[in-house]
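Two complexes follow with chain A in common, the first pairing it with chain B and the second with chain C.
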Partner chain A sequence: MSQHATAMPPATEMHQEPSYLAVSNVTKRFGAATVLDSLSLSVGRAEFVSLLGPSGCGKTTLLRLIAGLLAPDQGAIEVGGRDLTRVAAHKRNIGVVFQNYALFPHLTVAENIAYGLRAKGVPKAEQAKKVGDALGLVRMEAFADRAVTALSGGQQQRIAVARAVVVEPSLLLLDEPFSALDRKLRETMQIELRHILRNLGITSIFVTHDQDEALVMSDRIAVMNEGRIEHLGTPSEVYARPKSLYTMEFVGQSSRMGGVVKGSSEGLVEIDTPFGLVRAPGHFMSGSRVIVGVRPEAIAAGEGPAGEYNTVRGTVAEVIYFGSRTLLHFQTAQDGDRLHVELNRLPDQVAPGSAMTLRWRIDDSRVFPAPTETGR
Partner chain B sequence: MALFGSLFCRIVLGLVIAFLFMPILIVLTVSFSSSAVFAFPPPGFSLRWYASLGNADSMLQAVWLSSQIAALSTAISLVLGTLCAIAITRGMIPGAKAVATFMASPLMLPGLVLGIAFLQAARDFGLRDTYTTLLIAHVVITMPFIMRTVLASLSLFDFAMVDAARMLGRSYPAALWTVLVPNILPGFVSGGLFAFIASFDNYPVSIFLVDVRTKTLPIQLLNQVEMSPDPTVAAISALLILGTIVALIVCDRLVGLKRMASI
Partner chain C sequence: MTLARDNLTMPAAPVSRWQFDAKALIAAPGLVFMALAFAVPVLMLVGDSFVDSEGLSLAGYRKVLGDPYYIGIIGNSLQLACITTAVCLAIGYPAAWALARIRGVWQVILFALIFLPLTVSIVVKTFGLTIMMRRDGIINFLLVNLGFIERPMRLVFTEFSLYFGMVNVFLPFMILPLYSVMRMLDPRLLDASASLGAGPLHTFLRVTLPLTMPGVIAGGTLVFSISVAAYVTPGLLVGDRFMTMSQVMAKAYLNIRDFQLGASMAVIMLVISAALILASSYLVRAPGGEKR
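Presenting the complex of A and B:
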């Protein structure tokens, strides 16, 4: 996962650019329920940003607000410096790829793609050319005169993308476009779609609740929780340096152990956990209840130099073999704790019950306030 | 045994079909009768009752009036009923279920009750014009047929398509027209057909609302049968049957009877 993430272009450049899409303090309520709570998001030109979050956290709602299919109760939405908050959906020039594609079954493939061009009054000859180009873009030239109902899921997906981009929208919104595809096809389409959109240089907001998908495809990921953005950052930032326990646990696997801060010095805190003393970068008052999080693949077997590493001992509870790697679950003494370790090579004679020494870099440890303390 | 069962079923089926078709066959036969009374079997063949239709002014007027009322009320119900059905399906109004039931309720009331109610209401509102009163009453009569089929069609319709059309640059009404209408056309056609027929041969409601100069076809036909029961009515009926067959063929060409029947 992290390999893909580091292959993305440096996102720091994009941060400094004036934002192209600016969602400012948007609140949306349905009756008594506040679905989006003063949410802000800014996205640079040609950036690909994923909204990642569990079901019901408000991803689709945010997308529909940007599209103009819903009106916010408060806040503003700007694209390219133009305030769109009060602009009707059909005048926004924003493309949408819907979850079930929403292709028009009474029209052929080519007519589906031409629909937006017709609506915009593009001359017939130009329409034909653009439709041809769009079909080429998604490699569906041979299907122009087919009925859309006669296409496979992946093919329908391509047509939905072609139909949305052919009108050259200022922004493309995609709501879980791969959720109806099987795993294999989904992976192919992820790479292909990313390639197409990058070549077009189109700014895209992509909704998913699949963390792998978000890590593979995005320039930046907005991790959402209950109508708020918990963390907006590059895939590697979100994965390796999550800002909250929620982000850490939602994106990827994690080990966690609860403890009490014993003391701190030089930007490091020392935490007393059931596994022993653990150090991590951070600032907390002595006596605070905290949770230490570590990625399973950052943990290795054996001891390390004490200056750089945390070292703990544990008893193996379960061995899960994946072929290229092995996941070890360790016994824990405290509710909510979890010590999972991912090893590429299994040391000899490890079985449930064996005791092992484990180490991970102090820099790889994250500390978060324990949930009860923040009232969450 | 199975063979016998299947044979038995076939015989029953044949009898039922014969029973259903008998009145139609009798009317058709009588309309070609040479006799001036409603006799079956007819003594001889002639086209005189079809020829006499040309002079039956009041009958033709009634056909014309009924066609107008049926066509107009169906059209009005289609537009209003569809908009209402969209509001109900999309949950745009509170108590959507209750509204849907209410819109379909005229189908569950005896026509007589509706007729008396309309008569009273028209008086109370000072509505003197028979034509307008008839039209309003027939909108209410046709509405349940439209509501039923359009609601059924809409339950299968993916409204994300309307959103897609809007995002591609069509206003909401234009999106409905270019995407929703073509996709629920079978529902429109079958609902419209039922509605048209319900209005065209409505007797119990219309009887309270017509006047001497404005009579719908069913009422005129019954008058005619009471006053001069000659086979002119059979000729008219035969033409109506022909019209129905033509309408069914057109609908079949348009959307396919199979698709209509499945709604």
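Presenting the complex of A and C:
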């Protein structure tokens, strides 16, 4: 199963496959506020998809709609070809791992895991075997008879996962399951959970506001903003070729500079920015106001061949040392601009005030329409 | 009441649990008052129950526990308290749930509806009921005019009116402890239960009820122990037709001047209430209490 999961085709090809989870044109309003606006999403079998966005973007609402804990105002939700839109939560067989784990405080670890089996009327002997297997899966065998309240955050997290997967749900939803863990533990748990879910081949939807988490864990990421999906793609697509300025800004660090399109030819546009002329792949009318974005680690010090590279000069404003790498902030001339450069090795004698020549590949430049005052 | 769960985490300092803490002195005024106003009279009452005109005697207890008339009265009081508690629980549980789950202005309105009656004196409330339940009262008026009954029926001085009045007076005392426990119940536990395939009934029996049991026990104990001792409401609504322990005590002291009889009855009632409170605090702690 794990071989199958790791060898999965890239997400862009997956669109043709019949989708396992299909969310179609779902709208949800709370009073006057539209939280989800005709949103659609399809997820393939055994795929791990993250819903990434800031708080209030609708990602948790979408999760609760899929789980059946909320009902949509419009639209449909199907899993494995079965329309679940009007099916009650407890009849959907969709597992949920909650943000605070929501373990039952009056039950032991084993009783928590057996809860779903018991609710479904699984015979006692089979319950015990499945609970044992689930405890083994999350490496918590020794804790079966403990009170859940006596467990640490990481242990509670494992039990919450075991409790959700033991009933063999058709879909697993995870609502910011790592947010209560400290950074070190979180990184360990991310990899471990990903491993467990791959081995089980469970289709998973993972809600997070942490872009690093989404990049590490996902087959695909749905970047959400104001109730819509801005970009759905593999982690590398979302990071390296963001479809919108919002996605570029939300996922990872970025440099950005505003400018006006001077002209275009052969799929490249030439943009006049305060840092000089910059070229980027794209199609824009001359005179359009645009924003050019580049990832800080795509920028290097020194000049490069003019046919492939953009070259600009800037003055260092700040040097931020991270140990394995150094981040340089450059001075900018207009509001909203940001020139951040990440270097693995700092050239000698670079200090605030130094002038530097910088280069990045034309292919690494992204160009987006500049947001207008009245919005997009 | 010793029912409030001790959720405070004690500081980890190596202090013996019996070492005197000077902060306890702050409670001194309250303790002194309670000693004078509660402990001394109760001890005197207990003393009275063992004394008659000729000295030490158990005649009071022999009279109360040996006479079917008085046993019947103890039974009346227990029956009254049991039924009142059960009805208050049945009505109060959903009300407390609504109160704990609702938000905003409706919560304020519900709160007001449930707790404003507490500000009205029991005597006023109970007299109000007797007016409503009279032969020419509004209930009979409606029943007759809507064609349910031919002519006015007797409502006041029936057991029905007694239970009606008791629930009227004591319902808020059931709702309040239930509400405070339900407010702390994480709604995500119910979501988790549903996501694991448990229907509403299963969720109620296996999650909601066990986790709100401390509120049920607290509310039940409170309502039982005050309704077993109720005096005003039974007196006004049924009078001598339905004698309770409190009425016997009052008669013993005020009418027949048999202090030993009154004191013995009072001590028996005290034992019933104390046993109930001890049992309930044990219940709250015992099953799964330590786990939480």
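Criterion: the second predicted complex is superposed on the first by the 357 of 376 C-alpha atoms of A that agree within 3 Å, B and C clash if a C-alpha of one lies under 4 Å from a C-alpha of the other, contacts with A are read in each partner's own complex, and residues count from 1 in each chain.
Criterion: a residue touches a chain if its C-beta (ideal position, glycine included) is under 8 Å from a C-beta of that chain, and two chains touch if they have at least 3 such contacts.
This structure is a prediction, so every number in the text was calculated from the model and none was measured.
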| request: Specify the outcome, clash or fit, for chain B and chain C once both structures are aligned onto chain A. | output: clash
| query | Who does A:L69 touch here: chain B (first), chain C (second), both, or neither? | reply | both
| request: Considering only the touch criterion stated at the top, classify A:T149 as touching first (chain B), second (chain C), both, or neither. | output: second
| request: Check whether chain B or chain C contacts more residues of chain A in the superposed model. | output: C
| task | Could you look at A:G116 and tell me whether it touches chain B, chain C, both or neither (first, second, both, neither)? | result | both
| said: After the superposition on A, what does A:V294 contact: first (chain B), second (chain C), both or neither? | reply: neither
| said: By the touch definition at the top of the document, which applies to A:I229: first (chain B), second (chain C), both, or neither? | reply: neither
| First, second, both or neither for A:L245, with chain B first and chain C second | neither
| query | Should A:L135 be classified as contacting the first partner (chain B), the second (chain C), both, or neither? | reply | neither
| Which of the two partners, first being chain B and second being chain C, lies in contact with A:G95: first, second, both, or neither? | both
| said: Per the contact definition in the header, classify A:I202: touching chain B only (first), chain C only (second), both, or neither. | reply: neither
| message | I'd like to check the shared interface: which positions of chain A are touched by both chain B and chain C across the two complexes? | response | 67, 69, 88-91, 93-96, 98-100, 102-106, 115-116, 119-120, 163-164, 167
| request: Using the touch definition up top, name the residues of chain C that touch chain A in the complex. | output: 186, 188-189, 191-200, 202-203, 206-207, 210-211, 288, 290-292
| request: Please name which positions on chain B make contact with chain A in the complex. | output: 158, 160-161, 163-172, 174-175, 178-179, 182-183
| Sites on chain A touched by chain B in the complex | 67, 69, 88-96, 98-100, 102-106, 115-116, 119-120, 163-164, 167
| message | Using the touch definition from the top, list the residues of chain A that touch chain C in their complex. | response | 64, 67-69, 88-91, 93-96, 98-100, 102-106, 108, 115-116, 119-120, 147-150, 163-164, 167, 173
